[in-house]
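The structures come next, written out as structure tokens.
Below are two complexes that have chain A in common, paired first with chain B and then with chain C.
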Partner chain A sequence: MNRIFALSWLTFKEGIRDRALMGICIIALVMLFATIVFTGVFGYDLGKVLVDLNLSTIAFAGLLLTFFVNINLMAKDIDKRTIYCVLSKPLSRTEYILGKYLGLILLVCIALFFLLVFSSGIIAIVKSMYSEIFFKNFSWYCFFQAYFYQMLMFFILNAVVIFFSSVSTSSFLVLLFTIATYITGQTIEEVMVFFKKEALGQNTSAVNHWVIDIAQYIFPNFSAFDIKTLASHGKFLPLEHTTALVGYSLIYTILLLFFASMIFNKREIT
Partner chain B sequence: MKVNFSKVNKSFISSFTRKKVHAVIDLDLSIQTGEIFGIIGPNGAGKSTLLKMLLGFIRQGSGSISIEGKSPIEPETRINMGYLPENPYYYDHLSAEDLMKFSAKTAGMKKEDIQPSINHLLELMNLEHARKRHLRTYSKGMTQRAGICFALVHDPDLIIFDEPMSGLDPLGRKLVVDLVLDLKQKGKTIIFCSHILDDIERLCDRMAIMDKGRLKKTLNREQLLEGKNKFVTEDGEKGNNWLEQIFIDTVDSGVRE
Partner chain C sequence: MMAKSIKVYTLLLACVLIYIFAFFQLKEERQRFLELNFMDFTLPSQFTGPVSLEFKGITADFLLFKFMAFLGGRVQDLKEEYPRYPDYTYQSLDAITDLDPYYWDAYLFSEMFLAWSGNPKEANKILEKARLHLSNDYRPSYYIGFNNHYFLKDFKTASKYLMEASKLPGCPYYIAALAARLSVYSFQHRDGILFLKEMLKNTNDKRARKEFELRIATLEFLEMLEKKVTEYHADFGKYPEVLEDLVKVKLIDKIPEDPYKGKFVLMSNGRVYTTSKMLPY
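Moving on, here comes the complex of A and B:
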């Protein structure tokens, strides 16, 4: 376990000192600051706009972080052969996968927690600037719940990064596959609903149904973690729903890491 | 630590042409505890493949490799091993100290032993002044020396150096030579790959010449000295470039085969 923590700490340290991370955080902070101005532009439901903009900014920063910092942290090991140094230590391949994953997750957690704190401050400032009437539906609980759901989504998305890094030696392909998985995961539910309703009265082929059925079991349903709209309307989801999503995220992550470890154990580091 | 290769073969399949490339062929080799063993050979001779198999990065196609009777695939085997890769590249934003701490922790060193060992090695490798600096600011020679610190911080018994002199200035090379001799005094087993024949000649107890995946020749120190004393160049100079001549003859005979 110590070896896993040592690698995750190394990965985290390398990531936290990356200038790209600083750039992402600065962009996110500017965007969060901008919400002070933008919220005022809307004449009604300011609470809704505020929550929506803040959560979207945090999600955007998390995606940039995952796609450009975390994928780079994984790919650099292979591209620049730093993996030789790491694996020359008494680390098993499974420990390598787990250590790297924990490092990436720690980085996402710390960066997004920092943005959450900042975002909460912005919300408190904006709330103090306008009358309470504009924030009828606003709920801190819903805001934090939506943030927590986003974090669960990032746990899976970073496991996807690890999975594709164990398969491919090219950082570009890892980026491409991860983005494709994210887009598929965000849209699969809508596509499923469309096919089930046979929308617009069109007949859909059995093959399409079959493909969508398989895809919904393979790809993670990321849209289930996106409750920004609900949170902005002050609607919170019951604890059972949260527990179910925690379970879903946990199982998906474990499965991805398991397969990543299996593939990586067979891989030759040339 | 005793290292043994028995009838080891390794081939790769080219990803484009699907052609089989034999990297190591029927390798039988035994390296004894406390020995400095040098491996030389032209590019593509199979030296790096041999080291990668020894570190468990790749698996042999057939035959067996053992380090003190254990398989290199087992992570525990590597607790007592230190490795310096050819042209090492480390994490840009970490310092030499960060890297060494990681190395020491993963090797299971006691907490109280880590800092003294780091201090000692950084001083020895003349990196004391740059211990907190990010590795991306290091020169090639400094990176090489940081790599040596990383490989040695946990005081391993088996040390694998792949081109340790690459990128070092004369002062750096002297530091490494002194270090290798000191490690030999301590009874460490060292496997040393280099293109610099002088270093091999100066430091190694035994050396092997590899070419096209095959082990062509092994020579011990006595054979080296004896050959050197007998060797006279066309210009009438005695001893000089003997190893170079042996190397060329061995590799050339391979070409003619």
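Moving on, here comes the complex of A and C:
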């Protein structure tokens, strides 16, 4: 266990040193500052716009971090051949996968927590600038709940990065596959609903239904973790919903890491 | 060395001056371009929904911002000179409320820029979405009711929506009174009485109670008089010519006084109406 934590700490430290991380954080901070100006442009639902802008900025920063920093962190080990040093230590390949995953997650958690603190400050400032009437539906609980759901989504997305990194040595391919999985995960529900609605009264092939049904089990349903719109209107989701999504996120992550370690164990590292 | 510096600074100054000139020129050109090329389309939500991934809320904000910028201060000009104005407004607000069905600003705009621009039916279509999603908010039903009453002159439908609105939290008491008045226009007296009695039970506001009691009394008179007219018709095979005929044949002792100080009038179809229209005297 200590070996896993040591590797995750190393991965985290390596990530912190990445200049891209600094750039992403600066962009996110500028975007968060901009919300002070943009919120005032709207007429009535200022609380909704404020929460939308803040949560979207945090999500956007998390995506940039995952796609451009974390994928690089995984690829660097093989590109710079440092993986040989790591694996020559008494460390199994499964431990390597777990250590790397925990390091990536730690990086995302800390970076996004920093943005959350900053964003909360911005919200408090904007709230104090306008009358309470414009923030009738605003709720801190909902804001933090949406952030928590966002984190659950990043747990899976980073496991997807680990999975594709164990399959491919090219960081470009990993990026491509991860973005494709993310887009599929975000749209699969809508495609299904659309498909079923469009199919009403038409003779669609059974194969299509079959493919769509299979796809929804294979691809992670990322849109289930997106409660930003609900949070912006102060709609709090019940504990059962949260528990179900925590379970979904954990199980999907464990399965991905399991398959990643299985593939990585059989892989020739040259 | 000095001469070189002067050259560099002169060049720099020239660049800045050219930039300023070009900037103003560009601004002017751009304005002309924008005036010539309306961005009068909003992609439907079937496309914007999936494309905006997990950023639907912020996309809805952006589209609303774009809509506001498009209208700017020229709503009146657009309404008069621009034939696509209702289509563009409807498409934009429809897409925005599909992306975020709880977005009150967009619903408010549909009332402001569609209903009040001669398109109340389109406004009602969008407000129906609000009624579905903001089920605890009285405003969507109130606005639909108002549009039916004021623009479409469909009093029966208006009364139905206003009654629905008045049962929701935060609804001002006068909406209930308006609903009952409209039920009179559409001759739904019994509906109006039951509705007002229900409202009376749930309000502690003295002004509202007084108003409701007056309306209930008026509606009960109207209902009673119409019943007597029907009895007259059954007895004599024709409608009375005036309400006084009911007194003559002793179906009633006297014609009741309208609590709103108007006069009850018999219409040719046997229905009874009040000249006060149940408006405060």
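Keep in mind that, in the parts below, the second predicted complex is superposed on the first by the 264 of 270 C-alpha atoms of A that agree within 3 Å, B and C clash if a C-alpha of one lies under 4 Å from a C-alpha of the other, contacts with A are read in each partner's own complex, and residues count from 1 in each chain.
The rule is short, and it goes like this: contacts are C-beta pairs under 8 Å (C-beta built on N, C-alpha and C of every residue); 3 or more make two chains touch, one makes a residue touch a chain.
Keep in mind the model is a prediction, meaning the values are calculated, not measured.
In the superposition on chain A, contact of A:L91 is made with chain B only, not with chain C. In the superposition on chain A, contact is made by A:F42 with chain C only, not with chain B.
Look at A:L10: by the touch rule set out above, it reaches chain B but stays clear of chain C.
In the superposition on chain A, contact is made by A:Q186 with chain C only, not with chain B.
Of the two partner chains, chain C is the only one touched by A:D226; chain B is not.
Interface of chain A with chain B (complex): residues 2-3, 6-7, 9-10, 13-14, 17-18, 76, 80-82, 84-85, 87-92, 95, 268-270. Contacts from chain B toward chain A in the complex involve residues 12, 52, 55-59, 75-79, 81-83, 85, 88-94, 98-99, 101-103, 105-108, 134, 147, 150-151.
Residues 46, 49-50, 53-58, 60-61, 64-65, 68, 100, 102-105, 108 of chain C are the ones touching chain A in the complex.
Of all residues in chain A, those touching chain C in their complex are 41-45, 48-49, 51-53, 55-56, 59-60, 182-183, 186-187, 190-191, 194, 222-223, 225-226, 228-230, 232-233, 235.
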